[in-house]
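Input: structures, listed below.
Consider the two complexes below, in which chain A is the common component and chain B and chain C are the respective partners.
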Partner chain A sequence: MNKTLLGYVPERSPIYAIHPFVKLFFLLVASLFPLFISAPEWNFGLIIFVLLLMLYSRIDMRIMRIYVPVAISMASIIFLAYVVLGGFHPEFIEIGRLLGIRVYWERIRDAIVVYFRILPMIVMMVFFLNTSRERDVIVAMRTLRIPFVVTYVFAMALRAAGMVIEDFGIVRQAEQARGFDTHGKSLPYRLRKYVMYMIPLFALSLRRAEEFSNALIARGFAFTGPASKIKRADYVLTHYRFTRLDAVLTALIGLAFSALLVLRYGFGWFTLDRSVFLPRLEDLLLHR
Partner chain B sequence: MPPIVEIENYSWRYLRAEQPALQDINLSIEEGTFVGVIGPNGSGKTTLANSLNGLIPGQYQGIKEGTVKIAGTEVDAYKPGELPQMVGVVFSDPEAQFTAMTVEDELVFGMENLGLSLAEIRERLDWVTDLTQLKPLLEKPPYEISGGQKQRVALAAVLAMMPRVMVLDEPTSMLDPVSRKRVFDVLARLKRESHNTVIVIEHNLENLVPLADRMILLHNGRVALDSETGPFFRQAATLEQAGVYPPGGIAFFHGLMQRGVYTGEIPLTLDAAVAALEGLIENRRYE
Partner chain C sequence: MATAGNRGKITAEEIWAVAPGERRQVGVIHIVLTALLIGIGFVVGAFGSISFPLGFGVNFFWTGIAVQQVGSIWFGIWGVIAGTIFPFFSNAIAGTPFYVSAAYIPANLFQAFLPAFAFRYFKGDIRLNKGRDFVILISAMVISSAVGALWSVLVVLRSFGLLTTNSVPLFLWGWFGGNVVAGLVFNIILLKALSGVVIRSTAFVKRWLA
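Our next item is the complex of A and B:
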């Protein structure tokens, strides 16, 4: 496993043979799939598909453990928003009361639908972050002919994130050396005292910004003027080759998305009415 | 041939500062010279470095008097992006100079900014990674390499742009002794193999002195001493007044000279010091 700013990537993986553009294209397009799918079992299938891709890519699946709290938090928020704070709806089917709050079948159904739309997106993002280095994102953007300034600002943001994390460690160690440590203290205390880290970190960031901008100028980078219009060699792209397989995969992803739209709007697939899972759950909850 | 760096009656005062950071500086540096600039903190060393690469007055506000010329042209007269082809700078903090996501991208970034072709980039990349021994690190991101390695990357990135003048502003101040030596090893190789003008601002004299052809002492924003390296360290009183203490070997021989025990040239390297001491002992034996 190799650490990146975005996550951990496997040392070796068959996915590395695929051009970064294809991975980014998959993330961007396949993340749209759940938005057009209402029936949760299809989105569940999509999650399984991405998990299989992760296995194929030799991602250490233990990484998923750190996303479990995210999934649980998401479920809690959606449940609260839809079911507990869903409001009074006499037109809906009431299945019972929870601490005096009316619980409607339609609200539970909508919460499940929304949750199963978000989950595949999270899993896809995890897949992307654990198969792509920072450089891959830059390469994908440059392949798309996104202007260098935009790509570079994105790269700088990634770099700055790394620097802020490192600086945070420095500030924290410096404060610990001066006897200030929130370790083992209550959460409210830690939140209150967080400002002790934030102020020096902010000051340090301002200094970093100045140093960083000096470094850019020293490397001959210019945002304006003739130097900014120089045609760049895009050396980084020479390490990657867009193969026939990449073209096929890109086409397949595009075709899959088109097929999804046709099936959804042409034939009514993936809708709530066509769901197999939801009617069974409804029967179960309503004791039919 | 005219000097590559010409500074005439140059003064710089930062906005809202009471005293000028640099005052009445007159310097002329010939191409191919290796210059060491020393002085206590606040003596104006970094201001001098930033004045050479155009960051002053470009990025800082203040009042400038006099001229700073690189290859006969005033630094203000260079268009954005032009001066880095003439003057390359390595700053003290290796962390803040890393502008890309891998070592290789970092080395290539400056060359791409110059508009070099792929073939030329490859050729220079080969040369510079060989010179700085960075080949095994090319794929590494900045957070996977040490401070010393980052500083070598910064040095290599500037070298790859092949500037005529290299300015290194305390390049080893944040490094451990081993990393420090490796940076100076690169500079030594550069001195042997190329005709670059190198200006190194340093507190650590042990590594700098053996390489420097000329030394400049800055004190309170003025040039307090400027001469070839050997004679420079004979001015012990001036150096001590400025709070600069020569390396142990030089101080030792200077002490011997003051006591009238030694009359030769002050040895600048450890090897030269050993040889001089051996000679001294040998002479005493026959007296």
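Our next item is the complex of A and C:
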């Protein structure tokens, strides 16, 4: 396994045969799909599709355990926003009361629609982060001819995040070695003491900024002036070829999005009226 | 006139004033700082997003506000750029959908920009030596967080259909309170602890670019 910021990417995976641009394109375009789909069963199908992609890519599915609390808290928030704080709506169908709060069918329906819009987007982001190394994101950006300075800042930011995590661990161990222990202390106390980590992290980053900039200048890097106009070879791009398969996949993703739009706005697919699941749920809740 | 007592003491006006003959220009260090601030904000912001979530990137106590606002006060436009970009990544790690995170960009831009503008416009002392400096800081924090909350909740979350009208106040106060409370805890301590060092460094930005 190769370690990245989020965790690990599989060392060998069929997903690496695909150009990083295609992975980024998939994330950007496919994340739009749920926004145009109201029927929750279609978005659920999208979740299953991405999970199958993750299995095919040999991702350790135990990584999904990290996001189970996220999914649960998201469901709680949506339930809170739509049902508990749903308000008084005599025009809606009341299906019952929960601790004195009126529960409406329309609010439950809307909460389910929103939840199944959010979940596929999260799963797609998890898929991307678990199959892309830092280098992949940089290659994708350079393929799109994003300016070198922007790509460089992005690459350094990703690397800096990893260094900050390591620094955080070092500072924490140093403070523990000096007897600093928040175990058993109250939350406000811990939050106040958290600043003891932030100050060293900032100070380390300031020093590191000087060191990095000196190193870059010593190697002839410049982002302004005549030296910045020198065309640099994109050496990393020579390791990646945009093959016919990548072109086909890119076209397929684009076509799928176009088809979605045509079906949605031309033929009324994926709407609440065309949902198979929601009327059955409505029957179940109203006629129990 | 410099005396033995005040030699080396820099006043608030002198912090921002470019001395005659002083040349300040954009350098590699500013680009590097932007990247490092994004990296710090990524980690610190993700801590807040994961530890104290309300939902959809809104947090009860968002520690990233310190990097967003202190970074922009110290480093001008470079801190503003970093403060606008890093929440996108920290929210992504915490599970906020891609396009929701992208739609928050104007809110984060304003939250990063206003404190930097306030200190430069009113010539505040970033070392927070006087009550006036605290007023500038806290006013900028409150106003920027209020605008950020209004944009994020009313424009972003309502546009995506993620909230009902009745739940808007909860998320408004969550965003606003989460930023202001965390800012009060961290911004003041960071500015008082490190501003003296930053002012003397080559990375400090007096105007907006250098």
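Here is the rule we go by: the second predicted complex is superposed on the first by the 278 of 288 C-alpha atoms of A that agree within 3 Å, B and C clash if a C-alpha of one lies under 4 Å from a C-alpha of the other, contacts with A are read in each partner's own complex, and residues count from 1 in each chain.
The criterion applied here is as follows: a residue touches a chain if its C-beta (ideal position, glycine included) is under 8 Å from a C-beta of that chain, and two chains touch if they have at least 3 such contacts.
It should be emphasised that the depicted structure is a prediction, and the values quoted were computed from it without experimental measurement.
Chemist: Output check: A:Arg232 vs chain B and chain C. Expected answer is one of first, second, both, neither. What do you get?
Modeler: First partner only.
Chemist: So, does A:Ser213 touch the first partner chain B, the second partner chain C, both, or neither?
Modeler: both
Chemist: Which one hits more chain A residues, chain B or chain C?
Modeler: C
Chemist: Contact-wise, after the overlay, does A:Ala251 reach chain B, chain C, both or neither (first, second, both, neither)?
Modeler: neither
Chemist: In the overlaid three-chain picture, which partner chain does A:Phe221 touch, first (chain B) or second (chain C), both, or neither?
Modeler: Both chain B and chain C are touched by A:Phe221.
Chemist: Identify the partner contact of A:Ile72: answer first if only chain B is touched, second if only chain C is, both if each is, neither if none is.
Modeler: The answer is neither, since A:Ile72 touches no partner chain.
Chemist: Quick one: classify A:Leu52 as touching chain B (first), chain C (second), both or neither.
Modeler: neither
Chemist: Answer with first, second, both or neither: which of chain B and chain C does A:Leu85 touch in the superposed model?
Modeler: So A:Leu85 only meets chain C here.
Chemist: After superposition on the shared chain, which partner residues are touched by A:Ile138: those of chain B (first), chain C (second), both, or neither?
Modeler: The first partner, chain B, only.
Chemist: Go through the superposed model and pick first if A:Ala160 touches only chain B, second if only chain C, both, or neither.
Modeler: Only chain C is touched by A:Ala160; chain B is not.
Chemist: Do any residues of chain A touch both chain B and chain C, and if so, which are they?
Modeler: The overlap between the chain B and chain C interfaces on chain A comprises residues 155-156, 158-159, 162-163, 208, 210, 212-213, 216-217, 221-222, 224.
Chemist: Give the list of chain C residues in touch with chain A in this complex.
Modeler: So the residues of chain C touching chain A come out as 25-29, 31-40, 42-44, 53-56, 61, 63, 66, 70, 85-86, 89, 92-95, 97-100, 160-167, 170-171, 185-186, 189-190, 193-194, 197-198, 201-203.
Chemist: Please output the residues of chain B touching chain A within their complex, sorted ascending.
Modeler: Going through chain B, the ones touching chain A are 50, 53-55, 58-59, 79-82, 84-85, 88-89, 91, 93, 95-102, 104-105, 108-118, 121, 141-144, 157-158, 161.
Chemist: Which residues of chain A touch chain B in the complex?
Modeler: 3-5, 133-135, 138, 155-156, 158-159, 162-163, 166, 208, 210-222, 224-228, 230-236, 238
Chemist: Across the complex, what residues on chain A touch chain C?
Modeler: Residues 6, 27-28, 31-32, 35, 67, 70-71, 73-74, 76-78, 80-82, 85-87, 107, 110, 113-114, 117-118, 121-122, 124-125, 129, 149, 152-165, 168, 191-192, 194-195, 198-199, 201-203, 205-206, 208-210, 212-213, 216-217, 221-224 of chain A touch chain C in their complex.
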